[in-house]
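My questions will all concern the structure given below.
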Amino acid sequence: MGILQRITRNIDNRYWDPGLIGFPVKNSYTAGVAGQRFFEEIKENGRIFGSKCAGCDLTYVPARIYCERCLSGLEEKDWVDVGDEGTVYAYTEVHQTKSGEAKEKPSLIAAVKIADGLLIHRLGDCLPEAVHIGMPVKAEFKPKNERQGGIEDIKYFKPF
Amino acid sequence: MSEVVKVFGGTALSEKDISSGKIFLTKDSLDCAYAWDTGVAINRYLAELKKGNIIATRCRKCKRIVLPPRLFCELCFIPVNDWVYVHDSGVINTFSICHVHWDASRVKAGEDPHLPAVIEIDGASPGMGIMHLLGEVKPAKIKIGMKVKAVWRPEAERTGSITDIKYFKPI
Amino acid sequence: MNKRVAIVGLGHSGFGTTSPDLSYREMIFEAATRCYEDAGGIHPQSIDSFVASSEDFMEGISIADEYVPDQLGAVLKPVHSIAGDSLQGLASAMMQIKTGQQNIVAASSFSKVSNLSNHEHLISYATDPAYIRPFNENPYFIAGLEMNRYLHETGTTREQCAAVVVKNKYNALNNPGAVYAAKVELEDITTAPYLSAPLGIFDMSGHLDGSIVILLASEDKAWELTDKPIWINGIGWATDTPNLDSRLEGLGSARYAKLAAEKAYRMAGITNPFHEIDFAEIDDTFSYKELQHLEALNICGPGEAGQLLELGCFAPGGDFPVNVSGGSLGCGYLHEANGLQRVAETVRQLRKEAGKRQLPEAETGLAFAWRGVPTATGAAVVLSTRP
Amino acid sequence: MRKVAIVGAGMTKFVRRALETPKELSFQATKTTLDSCGLTLDDVDCVAHGTAPDAFDGLHQNGEYMVDGCGGWNKPTMRVYVGGGTGIHAIAHGWHHVASGLFDTCLVVCEEKMSSAMPHAQAFFLTIFDSITERALEPNLLWIFALEMNRYMERYGYSKEDMALVAVNNKLNGLKHPASQFTDQVTVEDVVNSEMMAYPVSRLDVSPVSDGAAAVLLASERVARRLTDKPVWIEGVGWSLDTAYWATRDLYYPRYTDTAARMAYEMAGIREPAKQINIAEPYDPFDYKALHHMEGLQLSPRGKTVELLRDGHFDRDGNLPMCPSGGLLGVGNPIAAAGTMKVCELFWQLRGEADERQVPGNPQLGVAQSWGDLMQVSSVVVVGI
């Protein structure tokens, strides 16, 4: 044994609760050079953009400012409108909340393949039983006046 | 440098970029709550503070009396089991007069500044300090080397915490 | 290659779902004491360097590195932290010895996850703030997506995944330190509520508190410290893309595991791991991960792991025993200490110190760890009784 | 011991608030580094990266998040961490990768984006203190530095004006750095009269919060000789972590810097550092810290450092130029990136590529040092040509 004493009675147990200022971490994130423009296109024009690395022949969705495989910079000329349609690449029905409790109504989350990218988003207007890998889906945008410049400007993807 | 590195990345944003709402921001906070196991040594340290005592441990090999108490000597690397009461007085090793709160907000005019100090506790080995606050003293009068004594909260208000000592005041 | 490196000491402490009787410092001191005694009673002053593996928020300390030295006996010594799985920490320790600057290095890691109230929020903070977090979902949905894709790509079934849980929890019954040991049936797992379908709540390993310290030494020092050194013959670690949006290839297969293992095998001179390695302790944070990892580690072909499991190939008496200790599903998940947990169990088998679960033929073993969602980083190590 | 060289270096501008995400900042520094030595990602064997507290970037497992920007796709990647000391320690960490014989080339990338912290990066520092015995006092980061600075000044009878001179010098050097976030020169009076934060620390004694990234590429001797005729060799690395019970140490002298420096000097075969070393880049998040560290680095006799400073000993054209880059005070302090920036500076200085900032006299040997945790850790790297 490494140490000579132990706590042996529950009544002696003590944990320290740091109270209100326990772990005060709050952040405000920019979307980045690519994200700023990507969300602007969704917000203003309802268009989804990818960026294409000619060398690797890959179109990233969402668009980026660099290719992760070869680290080439992807510039304005490399941005491509990839349309608002894709296919379900993988999906899951989430039964627990972020706090680990059972949800009243499970939510459907999918990785939607558009060009060479996977947009992670909700599925809507469809029954969980009907979802399958390879299912064509289309982005349902929020009305323009409700868009704020973020991934949630797309309401969900729905089958078509 | 100029021959090979000509361009430096990094797009600086101004306060106006942010306040105008032109830049999209996502906000989030980490909703993690913690309940730390105090363990044997700190458990006893806190329990003794509640009684109005400061307790330390002594290593049988190097004879150091250390604060906060621990169940092992980090230098000799052996278990420690010799508990020693030390005094609630000591000497200021160093201090500061701090005009900002923990969250970086400014101490307002009329409010007292925070007076943190490292206090070498009497009865512990030389140099064995703890961080605490000073009180009942004009900031300009604080000196390194000054003798100080703990001012305890009334017994009924103590919870078994380092804050059971309100602060140290000069004697 | 420079010097050969061996594991010469091993110690642990804790290993409970909670550990209120000790602070994390006291727990690590206990593990370190055991480790140093295991290496012939070495004093930490004689250890050249120390590596800890931790990640800030787990302990609720913003610079967790600060609190490493004292309980390891490492005050004013070279100490650094690897913000990664502890198997990467082990690799860092090994590299230090191979440079020739150090001869004896300790690697440590611990988990006090019981002190954290809502682990999911923390995992969520590891996901992309702009593209993932706004959905405000339980972050284990990523495991749900992976499992869905894995089953689709390989034809592996839900039941085969559940069989991993049944096997590992049963194996754990022979491991006195395994708190999630149980004798369960497939139905117990498959009929349990979903966490994120197809992933059920029992497909995920439970949290564990504990601390592990492992001591490494160069060849000449190793023989001074122990008469049963376990040699690190190959080590490798790798990261697939961290971006979910470009993880097309990696979503259904554990590419990080493939890359890490290739490196480790190459260093160890292994060309046919199934035949040249006797057993493995590999990451089973989620049930499907054990199967996915076996395929990526080239123990079997894509889509074969589930069937081989059903044939008993990975059972303690099978051709290639996997997670005889019970794995994370049977022992509990130690977070960043997971890798050292896998290494410790492999070392015990190789030293023939595994008690009731001792395998008769254990000369070369494989340990593999993954960092969990949302990461795509894994590390593999080939350990052997022969250098 | 296998010889390892720095063959390329790059960084971003250090700015108050960047539009870029942490990955994008990492990408910009990494790409610049690769371009500077004409390599592509295919030439890179592994990535050793660093970033300081996760809280600033606001990402748990931040090393995983940013790693594609560091060139880590499908490569061995490992994030090292010693708090504020990470930026220089990452060089030692990268050295382990190459000197061990496991890899021939290693990208070392450090990044920090402090601006995402709300309401202010300072608030997160509450959580670096002991969870139970210190945090209840509601401390902030300035406390410990103020306590250390006060102790140091008291011990040797230094004044606030003495300390301010470091801020003035470094900021003056920094004006010549193209990546610096400052444009204004300051005087000793400006520093001394700036807003009092925590006596004796005033606002201008402190380096600012910044966003940025910096990177270097390490290569084994064989690869380095092929790539460049001006490799900068890593001659020595050392690091040391002192006890977490910080109030039990006397803060006037940085023991951790002392032990780390001796370890690095021993490896480099340096017996008389103050005579042999031509450029020093000590860690200077606060002005007093540069002097404190010069003593720990054995580059200045204890208690005589201000005298030497006033004599111009540490000026760019002095005997031992100190922080010719401008340091954290003069360029900016994106924590981990700031340390790596110092090594980039030595790389450029020793190759004679530092433009306006160039130290005269063909410097041969430089030392960079960083510091972090609870005033507790130092990492030291000695480089030479």
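Letters A, B, C and D mark the chains in the order given here, with residues in each chain numbered from 1 onward.
Keep in mind that, in the parts below, a contact is a pair of C-beta atoms (placed from the backbone, for glycine too) under 8 Å apart; a residue touches a chain by one contact, two chains touch by 3 or more.
These figures come from a predicted structure and were not determined experimentally.
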Item to complete: Touching both subunit C and subunit D: give me those chains, sorted by label.
Response: A, B
Fill in: Euclidean distance of C-alpha centroids - subunit A vs subunit D, Å
35
Worksheet entry | Inter-centroid spacing, subunit C versus subunit A (mean Cα positions, whole Å) | 28
Worksheet item: Just how far, in Å, is the C-alpha centre of subunit D from the one of subunit B?
Response: 26
Fill in: For subunit B, residues that touch 2 or more chains besides their own
11, 13, 23-24, 26-28, 30, 32-40, 42, 46, 71-72, 74, 102-103
Response to the item:
subunit C residues touching 2+ other chains are 20-22, 26, 29, 32-33, 57, 60, 69-70, 75, 115, 118, 121-122, 125, 129-130, 134, 241, 243
Worksheet entry | Interface hub residues of subunit D, defined as touching at least two other chains | 18-21, 24, 27, 31, 55, 58, 60, 68, 73-74, 118-119, 123-124, 126-127, 131-132, 136, 138, 243, 245
Worksheet item: Does the chain-touch network form a line, ring, star, complete graph or other?
Response: complete
Discussion item. With touch defined as at the start, can you tell me which subunit A residues reach subunit C in the complex?
Written reply: 1-3, 6-8, 13, 15, 18, 22-23, 25, 27, 29, 31-32, 35, 39, 60-62, 68, 89-100, 102, 106-107, 109-111, 113, 116-122, 133, 150-152
Discussion item. With touch defined as at the start, can you tell me which subunit A residues reach subunit B in the complex?
Written reply: 2-7, 12, 14-18, 21-31, 33, 35-36, 39-40, 148-150
Worksheet entry | Residues of subunit D defined as touching subunit C within the complex | 1-2, 21, 52-55, 58-68, 72-83, 89, 93, 95-97, 99-102, 124-128, 130-131, 237-245, 255-256, 259-260, 263, 267, 372-374, 376-377
Worksheet entry | Sites on subunit B touched by subunit D in the complex | 1-5, 7-14, 18, 23, 27-28, 30, 34, 36, 38, 42, 45-46, 66-68, 74, 93-105, 114, 116-118, 127-133, 139, 144, 161-163
Discussion item. Considering only the defined contacts, which subunit B positions touch subunit A in the complex?
Written reply: 11, 13, 23-30, 32-40, 42-43, 46-47, 71-72, 79-81, 102-103, 160
